[in-house]
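Take this structure, written in structure tokens, and hold onto it; I'll ask about it next.
By written order: A, B, C and D. Residues from 1 in each chain.
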Amino acid sequence: MKREPSMLVEARGISKQFGGVEVLSDVDLDLHAGEIHALLGENGAGKSTFAKILAGVHRPTRGTLKLNGSKVDVTNPIAAQKLGIALIHQEPISFPDLSIAENIVMGRQGGGLLSRVPWAKIIADARQYLDMLGVSLDVTLPMRGLSIANQQMVEIARSLASDSKLIIMDEPTAPLTPREVDTLFNIARRLREEGRTIIFISHRLEEVRMLCDRVTIFRDGAHISTQKIDDISDEDIIKLMIGRTLKKFMRKHVAEIGDIAMEVSELSRPGAFEDVSFTLRRGEIIGLGGLVGAGRTDVARALFGVEPAISGHIRINGVDAMIHTPTDAIDLGLAFVPEDRAGHGIFATLSVEHNLTAAVPGKIAPSGFISRSLEREISRKAVDDLSIRLASLRQPIAELSGGNQQKAILARWLLTEPDILILDEPTRGIDIGVKAEFYDMIGDLAEQGRAILLISSELPELLSLCDRILVMSEGRITAEIPREEATQENIMQAAVPRKGVAA
Amino acid sequence: MTLVRSILLRREAGIVVMIFAFCLAVGLYKPHFLTVQSLRIILLLVPLIMIGAMAQMLVLVARHVDLSIGSILGFSAMVVGLMYREFPDIYWLVGFPVAILTGAFLGLGNGLLVTIFRLPSIIVTLGTLSLYRGLTFIISDARQINRSVIPTELKAMSRTSPIFDIPWIILIAFGVALMTYVVARHTQLGRQIYALGSNPEAAPLRGIDVAKVTLVVFTLAGALSGLAGILYASRWGFVNPSNTGAGFEFQVIAAVVIGGVSINGGVGTVSGTVLGVLLLGCVSAALPLLGIPGSTQNAIYGAVILIALLIDRSVRQRGVTSLSRAAS
Amino acid sequence: MMNSTPAPTRELAPARPTWHIVLVRPETMTFLLLLFGLVGASFLSPFFLDAGYILRSFTLTAEMSIVALVLTMVVISGEIDLSPAANMALSACIFAWVQDAGVPLPIAVIVGLLAGLAMGALNAFMSIRMQLPSIIVTIGTLIFFRGLAQVIAGDRSIRVPDSFIGINNVMIAGIPLPVVIFVLVAILLGLVLGTTAVGRQIYQIGTNQQAALHAGINAKKIKVGLFLVLGLVSAAAGIMAASRLGSVRYDLVLGGELQMVLMAMLGGTYIFGGRGTILGTFLAAWLLVIVSTGMTVANLLPAIQLTVLGILLIVAIIATNFIYARTQR
Amino acid sequence: EDIDIVFVGKNTGNPYFDSLTQGFVDACEVIACNFEFVAPATAEATSQIPFLEAQIQRGVDVIAISPNSPDALNQVFQSARDQGIIVLTVNGDITGNEQFRDATILPTDFTKVGADQIEMVGSLIGYEGEIAILSATTEAPDQNFWIEGMNETLANDPKYANMTLVATVYGDDQPEKSTTEMEALLANFPNLKGVIAPTTVGIAAAAQVVQSRGIADQVKVTGLGLPSEMREFVKDGTVEGFQLWSPYNEGWLASYFAVGLKNGTMTNEVGGTFEVPNLGTITINEGNSINTQAALTTFNADNIDDFDF
């Protein structure tokens, strides 16, 4: 005899825009009381954003939420807390100077500002929750210096302490060891028995299958499907997650592969990546795939001299290169489009023009003084070449859409006439239309004889564009797959951390 | 982990060692420095700085800074002085609530500017440093409040004692330190101040009302500066529109930074601050005994701040190193 | 912060019209305030409106104004320096002390300048190399430099030779030399900041240091350079002040840091870096002179002046933040 | 036509100048002058300059000033006098730069202050024992001049043969520093009998230390102080006596002299004399220096209530 499950959360038409890009559109989702509900989707599908909306971190642009049948407005994290919603953030957040125990309770004790802190109880409770998780830490020590895994455990303990009806775990297992994952799962099941609801976000299908009751799949910010986990196969899940036809982005021409442009051997920066070696030839596009946090960005930053490697060699055009700063790299003909566009790419308040010419001061100011006409001419041409859509060269770049900002960054680098381009997630957060233009541009660049290292978390992108695909996992290159043999499955295989090896 | 903790612990132990070493060195040369009498001198030097340091500590822990506390001190002292002058018959203790409320009000002004307009506190308080000082001149008509105006009972607080022959103002200063300890360590407010300074981005995600806490911190700092203002009148027996409290903020910042309060927020203890204040007191008291001209004092303060900054950084650096070690 | 603007219109948003770009900016506010100040001061006192007097009054703050011009560049690059006033005093004291001890004048000047450079280097070391926040570092060095000046000069005023006195009495086309120097430095720095690649990079560093780094701009080098130039110019300003006053004491331009920061802020320099112009600071320097001279010649209490300074500073940052928020979107 | 007189004080909020200013104000109610008082917020060397420039611009007739610097103001004085403005230094002079002012009005004959102060402390301690000086800043010209006089008197006058000056320290005219210096004196010289503090901040701080330690019968504090600040210490027996002059009379005399000079009824010749109501006949001394009174006034429990400055 099965009872009709009671509904805890009903989300209707939830949408969210960031700076003009719609990252969630009209998501409907029902959550039953006492279920563990998996949320799956590719990187950037909008899972975290949806979670943050439930937890009051973001306000939806449109849409309504019902909790236990009554409409609620989760205006901020405090409100969410009061409604019994707890979120374990994907990147653990903490107060590094406060003790572990305090991090577990901070902000959720009642009482006014002058009410007493019940230290003994806080410490005892913290111990109890961490014990429950099988973690032995001195809870009176400050958070600072805790490993990511332990930070994650503290976050989980925090959500347990909160006594919430809905606990959202955003990739909680990413930094954990298998033993820790087991403990976490046992606790999650116990919480389910207590009638609480858990949203579990993960990229690891086997985990989802072990733990969850139902699964929801997001793709490109849209709700694709919700099913009982037993009713759907892994293949179907992956198909629903990836969704697109690969043909759409097929690279039209394959460029002629030329000389070795860059040769990297045994590059290491302990803590970030180890023993990275590969060669990159002119006209070649190498893909660098892997899960988020695999260390790909760190490799790119090391190659470009932003955060140089500790050991290993880089040879450019057959000559040993010393790259300590980006200036060194630029002089050697490298260019780097960083993944964090707002943080590392654009000068938001400066004009498009100033942004375009930032890396080529010598070109616009041959005599030391900037020539306005030269600058205008160069910028105008760059804008035309990449068909960047803008109202005026003098408008602040922040007023452009994300895709056009990204094109401007690429244009900036093309002005340096680089031989080697490192593109880190160049299409992240830009719309499908511009994406296609980007793919064409990348193909054209290769055809011009440039060497390209393309870091991407989107498998179709890698599959359709790259001549070879390197896969990284936990800071090491775990596979090198030629274009002909590459499939989503074998890339994923190499990308997923091997159980037991992780620590 | 324990490494970080032991360094932090050593920070306070380090100041204690410095105080002892300094006192011993001076004592070898001038044995008089090691007497109870000289302890009394040191303790009488520090009450105002101690109270100001408690105020500044709370502000710094919240990852702000208040440069206007000297001007708030001056303004509050002037308000009380004017009150005593205009209403000579008023009960003298009324000065305390008046000074504290005046200070709180000015502190609230800082807090509002910081929270409403989202301005950096350092610039806001640089502005109010000048503004509040100007207002002090205006309300006083640029005239000093003379010794005869300050009630005898108030002045006597710097001499007379209820217990163990320790003058009232020293007791008050240590009382304030104790209260700050209780607030910082044992109230929600205190912990939220630390949380806010430790990670301002995380604070709202963790349900902390950032604006409210910020306002309270600045108001509290103002109130304490106001208290220091009336104690100034007690200690020195006059209130001068241009001198009273001038440069106070720098002495206080020196004491607090020496005491191990991090300029990056989140870190700082009352005990460290008290020790920092005492160390400065020892230095101030020892200079004349050693015959070192008072004109070197500012250079010494400045150098001490710079050195404390470097120590602060190296402690943090080691903290970061141990973090990356733990992560790898 | 978490609100978002409607997406599709964003990309197509028309560029601001030219008049908007030209007029809606902090410098316009400064200029209007300047006119307003002129009119107001003329009403306050009949003795005010006299070009000779205004120029003479400007000479009194010309040294600080020159330093404020360089400080503007430091602030645009995303740092701040509160120590230049103390640097002026210490450099001037060292200069006067050295020449008082019998060192020939030109060498004494060089020693003074080198001292200023060393002070700039200390600031650069602490804030750039050790990566400590420059605002706190320079509060420390402010106390330290002033304290050292006090150690050197005590309460004494050190005289400079008569031949060295009187830079303010040298007239060029009827304009006192310090004012001429100020104008020239303003033009020079305006050109550097506005038309050279380095100037452009200063804005880029101040706007987004990480992005600048990723674009191959050597932010550290430029910032260190700015601190050094600021140290050197402060020293030169201190020595100019010595020539104007004929003697030097440790309390030279005591509290001048507030005025310098005020000049930069009032001219529309953005406290968080990336925005501001030399023109703005140039106008603000005149504005301040007019405001304070107007009040002084009307025999207003200095108290009122302090109050007005404080209010101006706060209002200036609020207004600048507001204007930038409006034009930034 | 009334004569416009401006007095530029060292700084605002300095109680000493309240009384001095009152002298000007009262005189200008009697004789034909307009008076204004201005002063910078801080007593820093250069802070008076804008105020002087403003007065020149206003075209006043007489600038009276208590200079904050003995030499930094020379250039401005020069341009004032070039415009025919009379420059009088009041209560302090620009020693070594006398050519930049017309005359100086000093409260008393400074050459006698040292001797008077030694006599004062001698009378309090029975002309026997260790004494010390707590002065203003190390470079304060007036104080240093008086201290020189004290040293000479001690060395040359047999009356004081049993008194030894053990230390001269400087409190920089700040209450905190003056207090610690006073405490250090007591610590370093346990047999100290008397302290001369020839500065108003110093004497109050010294008295406060003695009061708080309750050692008024062992250590006698004297020096130069304002009756309004010292009244309490005199009344409770902490201080038996101290000295000063009348700042009021300085302002009073300065006004009469200024108006006289401007009207041509008085001259600025060394050796010349003129009459001032209440003060009698005044002589212009060497270096165009004028004194308002011949000797210091001594204040004690008997007369302190007669003075309100």
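The rule we apply is simple: a contact is a pair of C-beta atoms (placed from the backbone, for glycine too) under 8 Å apart; a residue touches a chain by one contact, two chains touch by 3 or more.
From a predicted model like this one, the values you see are computed outputs, not experimental measurements.
Q: Just to be sure I understand the contacts, which chains border both chain D and chain A?
A: A chain counts here if it touches both chain A and chain D, which gives B, C.
Q: Which chain is most remote from chain B in terms of Cα centres?
A: So the chain farthest away from chain B turns out to be A.
Q: Measuring centre to centre with CA averages, how many angstrom lie between chain B and chain D?
A: 36
Q: With chain centres defined as C-alpha means, what is the inter-centre distance between chain C and chain D in Å?
A: Computed from C-alpha means, the inter-chain centre distance equals 39 Å.
Q: So the centre of each chain is just the mean of its C-alpha atoms; given that, what is the distance between chain B and chain C in Å?
A: Roughly 30 Å separates the two chain centres.
Q: Per the centroid of Cα atoms for each chain, what is the distance between chain A and chain B, given in Å?
A: Centre separation, chain A to chain B: 45 Å.
Q: Out of chain C, which residues touch more than one other chain, so two or more?
A: In chain C, residues 154-155, 301-303, 305-306 touch at least two other chains, as defined above.
Q: Can you pull out the residues of chain A that are in contact with at least two other chains?
A: Not one residue in chain A touches at least two other chains.
Q: Give me the residue numbers in chain D that touch at least two other chains, ranges are fine.
A: 12, 39, 41-42, 138, 172
Q: Which chains touch which?
A: Those chain pairs which touch are A-B, A-C, B-C, B-D, C-D.
Q: In the complex, go through chain D and note every residue touching chain C.
A: 12, 36, 38-42, 44-47, 49-51, 53-54, 57-59, 69-72, 74-75, 137-140, 172
Q: If you look only at chain C, which of its residues touch chain A in the complex?
A: Those residues of chain C that touch chain A are 2-8, 10-16, 21, 191, 195-197, 200-201, 203-204, 207-208, 210-218, 274-275, 324, 327-329.
Q: Provide the residue numbers of chain C that touch chain B in the complex, in ascending order.
A: 126, 130-133, 135-137, 139-148, 150-151, 154-155, 250, 258, 261, 265, 271-272, 301-311, 313-314, 317-318, 321
Q: Per the contact definition, I'd like the list of chain D residues that touch chain B in the complex.
A: 11-15, 18, 39, 41-42, 138, 169-172, 174-177, 179-181, 183-184, 187-188, 204, 208, 211-212, 228-229, 231-232
Q: Would you tell me which residues of chain B are touching chain A in their complex?
A: Touching chain A from chain B are residues 1-2, 4-5, 183, 185-192, 194-195, 197-199, 201-209, 212-213, 216, 265-267, 319, 322-324, 326-328.
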